[in-house]
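The letters A, B, C and D name the chains in turn, as written, and every chain counts its residues from 1.
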Amino acid sequence: MNSKLRIRVWNEGVHEANNEPSHIGGMYPDGIHGAIAAGLRSHLPDAEVTTAVLATDHEHGLAEEVLADTDVLLWWGHIAHAEVSDAVVERVHRHVLGGMGLIVLHSGHFSKIFTKLLGTSCSLAWRNDGERELVWTVKPSHPIAEGVDSPIVIPEQEMYGELFDIPDPDDLIFISSFAGGEVFRSGVTFTRGKGRIFYFSPGDQEYPVYHHPQVQRVLANGAKWAAQPGLDRSIPGVSNPAREWFAE
Amino acid sequence: MNSKLRIRVWNEGVHEANNEPSHIGGMYPDGIHGAIAAGLRSHLPDAEVTTAVLATDHEHGLAEEVLADTDVLLWWGHIAHAEVSDAVVERVHRHVLGGMGLIVLHSGHFSKIFTKLLGTSCSLAWRNDGERELVWTVKPSHPIAEGVDSPIVIPEQEMYGELFDIPDPDDLIFISSFAGGEVFRSGVTFTRGKGRIFYFSPGDQEYPVYHHPQVQRVLANGAKWAAQPGLDRSIPGVSNPAREWFAE
Amino acid sequence: MNSKLRIRVWNEGVHEANNEPSHIGGMYPDGIHGAIAAGLRSHLPDAEVTTAVLATDHEHGLAEEVLADTDVLLWWGHIAHAEVSDAVVERVHRHVLGGMGLIVLHSGHFSKIFTKLLGTSCSLAWRNDGERELVWTVKPSHPIAEGVDSPIVIPEQEMYGELFDIPDPDDLIFISSFAGGEVFRSGVTFTRGKGRIFYFSPGDQEYPVYHHPQVQRVLANGAKWAAQPGLDRSIPGVSNPAREWFAE
Amino acid sequence: MNSKLRIRVWNEGVHEANNEPSHIGGMYPDGIHGAIAAGLRSHLPDAEVTTAVLATDHEHGLAEEVLADTDVLLWWGHIAHAEVSDAVVERVHRHVLGGMGLIVLHSGHFSKIFTKLLGTSCSLAWRNDGERELVWTVKPSHPIAEGVDSPIVIPEQEMYGELFDIPDPDDLIFISSFAGGEVFRSGVTFTRGKGRIFYFSPGDQEYPVYHHPQVQRVLANGAKWAAQPGLDRSIPGVSNPAREWFAE
């Protein structure tokens, strides 16, 4: 077993390729994934942090051998969810059930992998009006909340509001409010199979959220929490044991 | 078994007795308990709704025979928590574990019965600044959310904010935001023993919150949900069964 | 709104059609669905209980207009999961997210609809050895446990054992043990969208489990709990509200 | 911050002092606490593991300065719960809410500290008949389940059975079955305040359970999971913040 945490940051990378919005290149010169990866590297200097985008060669950069060597996958997508191949989604799903950590970011709530894992519509209310978001910790004992300010103040953000159509999470860690009055369960965890999943909503292609030190800390905490580096990567399976199979 | 739902609204009644704030008499001429009871009666016309206050004869109006005939108890307290006798708290606790429903309101978060049932400090942040509260539904399938607007708009309210030091609730139904930006888990359920508990934070001695039709609806839904009228009122107990005691 | 609870019992009906096992016709002369429906009718005399099987005309008996008139759907399937059309599964999924209750029975753990709603493999351990199953109540305050013996003693059953690969349920109501020593979370609830889901494992084509009075009671309790007859049948959707849309 | 994990194993120590049962001295020559501590030391060689018993000088060995230097406290008690002073229980309660980990073992389910933290009766069914206990993992992704066999086979044990009157746990990790057919939620976690709590039922003064390598592994995993060594030890408190207190 490699003792380094192996983290892969995946971004569709379409906003960057299209230069849309036009300030994205100045804000995220290495792409959204680049900014996320830089934050992870600064908090987790011993981790191996790699990146990939939709256009990356060989299965969007999510081939079998890549996932087998990944402890935690971060997922950012927005306008190209439909372009992610179903085969790749099946593969990621299988690895999550087998124990790979998954962190789904912001507009990734509508990604194929997130809705497949959760079974609901994952719909929400939204408004892009540059509102202040406050991210409040409601479960301070959770490892993902360790050392995180409450609230995190994000000066300008897209509003994501309830009803967020997700199953009851295992843990509700963060709740956000927006200047317009809406609230959102912005940091939630789920377990599916042997895999740990963290959804964190702050982050958008319009605002420099991934440069925020507190947001970077949350993502680093999330990666540490979601990783199970020593785990055998296998989906829980059907068995047909004989009576007393467990007896010595 | 009496087929009518038997609901008892308990209020310390000290703000009313002291005429503090001075507008409380005009706002709640029958006391906070009277307003709550009126709302319950209008939504649940078949229920028997009674009231009591701290000064009520015989054990604050919470004697053994009263609790034995109560399906759901609502609890409002604020400045007189310490005056509730420990014996009464023990008795209410025993009835809740035995299956009596309990609805704890607003500043009742610091009541002896609530902190005893939850085991935490139940502390929170607060600010009395007449801020608008928005109560958002996050679990629309829960019986307590049935027919409730999302958000409920309460024009002026005391702010209650996180961190609300409670155990993870069984169900999180409502989250509030306040004009100042704070958020609060304002509608949560717990199970303790065989009893169902609902905490709902809107409501204060300064503001006419209990006259709000949507708040009245929530409390009526809560009473229906918490009641188990046919249940044998007994605390889960220790047993020392023989092997195969369940065999025919 | 029709005031009667409208319950539909769906069974693939293939074991019965194939007379496999050969004693199924004697044990369940009206099919597994017939026995389930009879139990529901006896406990819920005011409900409208209908049945359908895979071979029923028009979309396996699960056409749009049928589901629109169904408050709770019970689902029994085993060897023909793959024959249920994907279009029907999508439709049932949509109705569950919109608020239709769903009760999944026994080998239905591998049905397309259950795995799609839960997002996991739903695999388990099994052994068909006619073992005694004991079904223990662990959440007595839940409506589905009302009036149910603990344990329910089922003299002969197929063993279903952990690891049952499901997400953490909203509520864990029943845990079973088997003569061979395995345990199983045999009664669990989930919420997906606005819909309430109950999975109950006792029941098999080999054993007369659906004639057991206590099992019938559990299913009747489950149907009452899962039904939301007054609810607007719509999936939670995306919205893009203006600021202050909720203000009067 | 001391970088070593500081673990304190507390045992009432009365069975050992009374030589009751008479084989306890041979089975646990260093006391139950000694066997637990030895297991922890072997799995966590870098930890500082200390022990104390009821008769230990100065506040049962649980004085303020001791708890302030303890990351995780393990608690074994049975026949002397009432002899633990209320002041010590208040102090432990305060430290748990402030972030000290707590692992409650076996008959500690009736300890003052456990019932105070949980708010329920914590009653259960029991039978001392030397039955085989099987401990099944139902949440394999939880850190406490890491590397643990499923089932753990304990040849002879006291039976603990449902109904275990506890609040719904945050996580249900282990379910046990017994030869007689009963089941028990034998490994459960709770959060209270900032503190993490793990209850694990295997273990008794009659049987050598704490020498079982798998049980030792569970306790070591539990200690690692419950510890928050860098956390400021303070109970969540009431605050009365001004508007916009969080703004830069």
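Just so we're on the same page, contacts are C-beta pairs under 8 Å (C-beta built on N, C-alpha and C of every residue); 3 or more make two chains touch, one makes a residue touch a chain.
Note that this is a predicted model, so its numbers are computed, not measured.
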| item | value |
| --- | --- |
| Chain at maximum distance from subunit D, centres defined as averaged CA atoms | C |
| Pair with more cross-chain C-beta pairs in contact, given B-D and A-D | B-D |
| Centroid distance [mean C-alpha coordinates] between subunit D and subunit A, Å | 33 |
| Distance between chain centroids, defined by C-alpha means - subunit A, subunit B (Å) | 38 |
| Per-residue multi-chain contacts in subunit A, two or more chains | 134, 139-140, 151, 161, 163, 168, 170-171, 181, 191, 193, 236, 246 |
| Contact footprint of subunit D on subunit A as seen in their complex | 99, 134, 139-141, 146-147, 151, 153, 170-171, 191, 193-196, 228, 230-231, 236, 246-248 |
| Touching residues on subunit B, where the partner in the complex is subunit D | 97, 116-121, 123-127, 129, 161, 163, 165, 167-168, 170, 180-181, 190-193, 235-244, 246 |
| Touching residues on subunit A, where the partner in the complex is subunit B | 132, 134, 136-140, 150-151, 161-164, 168, 171-172, 175-177, 179, 181-183, 185 |
